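Below, each structure is written out as structure tokens.
Below, subunit A partners subunit B and then partners subunit C, in two separate complexes.
What follows is the complex of A and B.
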């Protein structure tokens, strides 16, 4: 997968919040094989330099940091947080989240497009957290985004891929845009499913962080993502309605 | 053996108590003017809840924390051994099942049994987890009691005193300065915590109530006379500033979810400080020359201080001895 000119080997991106400890987070990142981790500037640290010690631990993991604007509810908040993240992490990458509703954490797609345009114009490489709406996706690409991150289900629910049809059309509509399923993944089978649909990667956090054994779960996700990717490349069979015996019936001995 | 303990928080005073009990000549210094808002222990919840902590903490916390109740009972009055309760709002009922799976020494009780334990929670929750072997203390009273005990044994506690200004009488220094010791413990970090004290009319609990929350565990600890400590947020920030609006809203929402009468409560006190933590959130003992560092008690100060004090006293008594939490650099362990 190539995003913003960078080749990425691993199809699994991990969030860094809610782990029992930074040491377990580090072990989970290693077990997942992830090359990119997201870090929340706002929610973890109140949006200033006070989180430096935690960020240093993440930097020591030797992975690429994708800072995010989690918890931002307006264009202004998101843009300010992105600018702060660029300084703190010395990267032009930003995972853009503009939340529109507190109960579902549904993205506010109107503000998202606006913030994406402002940030792209300002030289950012924007990874927008969006819904599976195709028109919004078009607008985000017009605004300068070169990757799209539709939700599988609302953040933290672990419900998996809520709208498989929508995700499939998105893949069909944008065959050349890197697409990453972000949010809602609860189980490795959900991640495998996203990869089988042809998505380029999955991004998840709670499913690993809140597992009883986050390191083991990280390794389970790595295997699932690999399985889904292989299955996609192997060109799966078409599903059909009628049974089709794998052994021919014709010529079976008739013992009557 | 002469020992100077630097830091008069819960770690320092439990170590001084333990060393004094074993016959060492101890003195304690602290740069603060007294026990108060400059000391992390001031903001503690005082829950002695090793099994509940097992939800997120690693095994040593659960095991070593079990030493705490007996130790505190032996050294301070008013250890309240009524257990603790865990509840979840109905929309987070799955969280209660998860918590039950990942912890031990509890039993599931229904609404009726809950009302017998805590009459003011009648009709509030359909289910709860009861950890009957857990306990709680008022941390400020406990620290006062340790100070009195030490004074009675002629262990001096000098406030407004730092190591630089103090002629060290001890041949060994035990450094328990918490986050302030980052000047020498480079892998120590601060994790911000925020708390409130509420005064509510007409509600009484006999034990801590922990409300499961998607981001952090929030608990209400009864402090008597209608006072309740509500804590605590857990934020990866080294910010000793004041409580944030978000922190306050989250804590108040949790209190309100436990009982709507908290909406009418007075906010008596707010607090924020940073907990000292190593990357695995477990405490460490570490020798630097003749100085023994005891640090990184994270959110488990009152729970783990007795075990840390025992290990510190062992390490000082026999210099070749290596207690389990002792090592040079924990990063070797976590990466291995």
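What follows is the complex of A and C.
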């Protein structure tokens, strides 16, 4: 997979929040094989250096960071957060979130497009967290995005792929755009399904961080993503409604 | 003067942003700053004046999804 001119080996992107400890986060990232992890910016009190400690941990992992604008509800907030993230993390990559509703954390796609345009014009490589709406997707590409990240289900729900038809349509409509399912994935089977649909990668956090054994679950997701990718490449059979015997009928003994 | 730092009212004597960061204990910390909602890049801190009641946000790397 190539995003913004960078070759990425792993098709699993992992969030860094909600782990039981920094050590388990580190082990989970290693077990997942992820080469990209998402991070954020939050207030820090003078002198406590929590941010520096976290930054050291991430830097030692040797992974690429994708800062987010999580929790932003307006274009202004998201753009300013992105500018601050670019300076702190020293990257032009930004996972752009502009939230429109607190219950579903559904993106405000109108503001998302506007923010994506402003940031793209300012030299950012924007990874927009969006829905599976094709018209919005077109507008995001026009705004300068070179990758799209539709949700599978609302953030943190673990419900999987809520609208398989919408995601399949998106894949068919944008055959050459890197597409990453972001949010809602709860189980490795959900991730495998996204890859079988032809998505280029999946981004998840809670499913690993909140598992009883996050490191084991990270490994399970790595295998699922690999399985789904292989299955897509292997050209799956067509599903059909009526049964069809797999054992040859010809040559069957007459024993009745 | 009194400014609002990360939502908390604090007294600072420094008149410029970079000096205020030092005074507040951030020193060489890896942080980004915004003054009254506007991003202030690191190179601009030394020439950014503070005024009474200004809102200063100081953000650092954190876990995220």
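Keep in mind that, in the parts below, the second predicted complex is superposed on the first by the 247 of 256 C-alpha atoms of A that agree within 3 Å, B and C clash if a C-alpha of one lies under 4 Å from a C-alpha of the other, contacts with A are read in each partner's own complex, and residues count from 1 in each chain.
In the analysis below, a residue touches a chain if its C-beta (ideal position, glycine included) is under 8 Å from a C-beta of that chain, and two chains touch if they have at least 3 such contacts.
All values reported here derive from a predicted model rather than from experimental measurement.
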Practice prompt. May I ask you to decide whether A:50 touches subunit B, subunit C, both, or neither, giving the answer as first, second, both or neither?
Written response: both
Worksheet item: Which one hits more subunit A residues, subunit B or subunit C?
Response: C
Worksheet item: Touch check for A:18: first (subunit B), second (subunit C), both, or neither?
Response: both
Discussion item. By the touch definition at the top of the document, which applies to A:68: first (subunit B), second (subunit C), both, or neither?
Written reply: second
Worksheet item: Looking at the overlay, what does A:150 touch: subunit B (first), subunit C (second), both, or neither?
Response: neither
Item to complete: Considering only the touch criterion stated at the top, classify A:27 as touching first (subunit B), second (subunit C), both, or neither.
Response: first
Worksheet item: Of the partners subunit B and subunit C, which touch A:212 in the superposed model: first, second, both, neither?
Response: first
Worksheet item: Once the two structures are fitted together, what part of subunit A is touched by subunit B and by subunit C alike?
Response: 18, 44-46, 50-52, 54
Discussion item. Applying the document's contact rule, which stretches of subunit C touch subunit A when the two form their complex?
Written reply: 6-7, 24-26, 29-34, 37-39, 41-42, 57-65
Worksheet, complete the sentence: Residue positions on subunit A within touch of subunit C in the complex are 15-19, 25, 38-47, 49-52, 54-55, 58, 67-68, 70, 76, 80-81, 83-85, 87-89, 155, 205-206
Fill in: Complex contacts: residues of subunit B adjacent to subunit A
56-58, 101-102, 189-190, 192, 214-215, 235-239, 244, 277, 279-282, 330, 334-335
Fill in: Touch list for subunit A against partner subunit B, complex
18, 20-24, 26-27, 44-46, 48, 50-54, 57, 156, 212
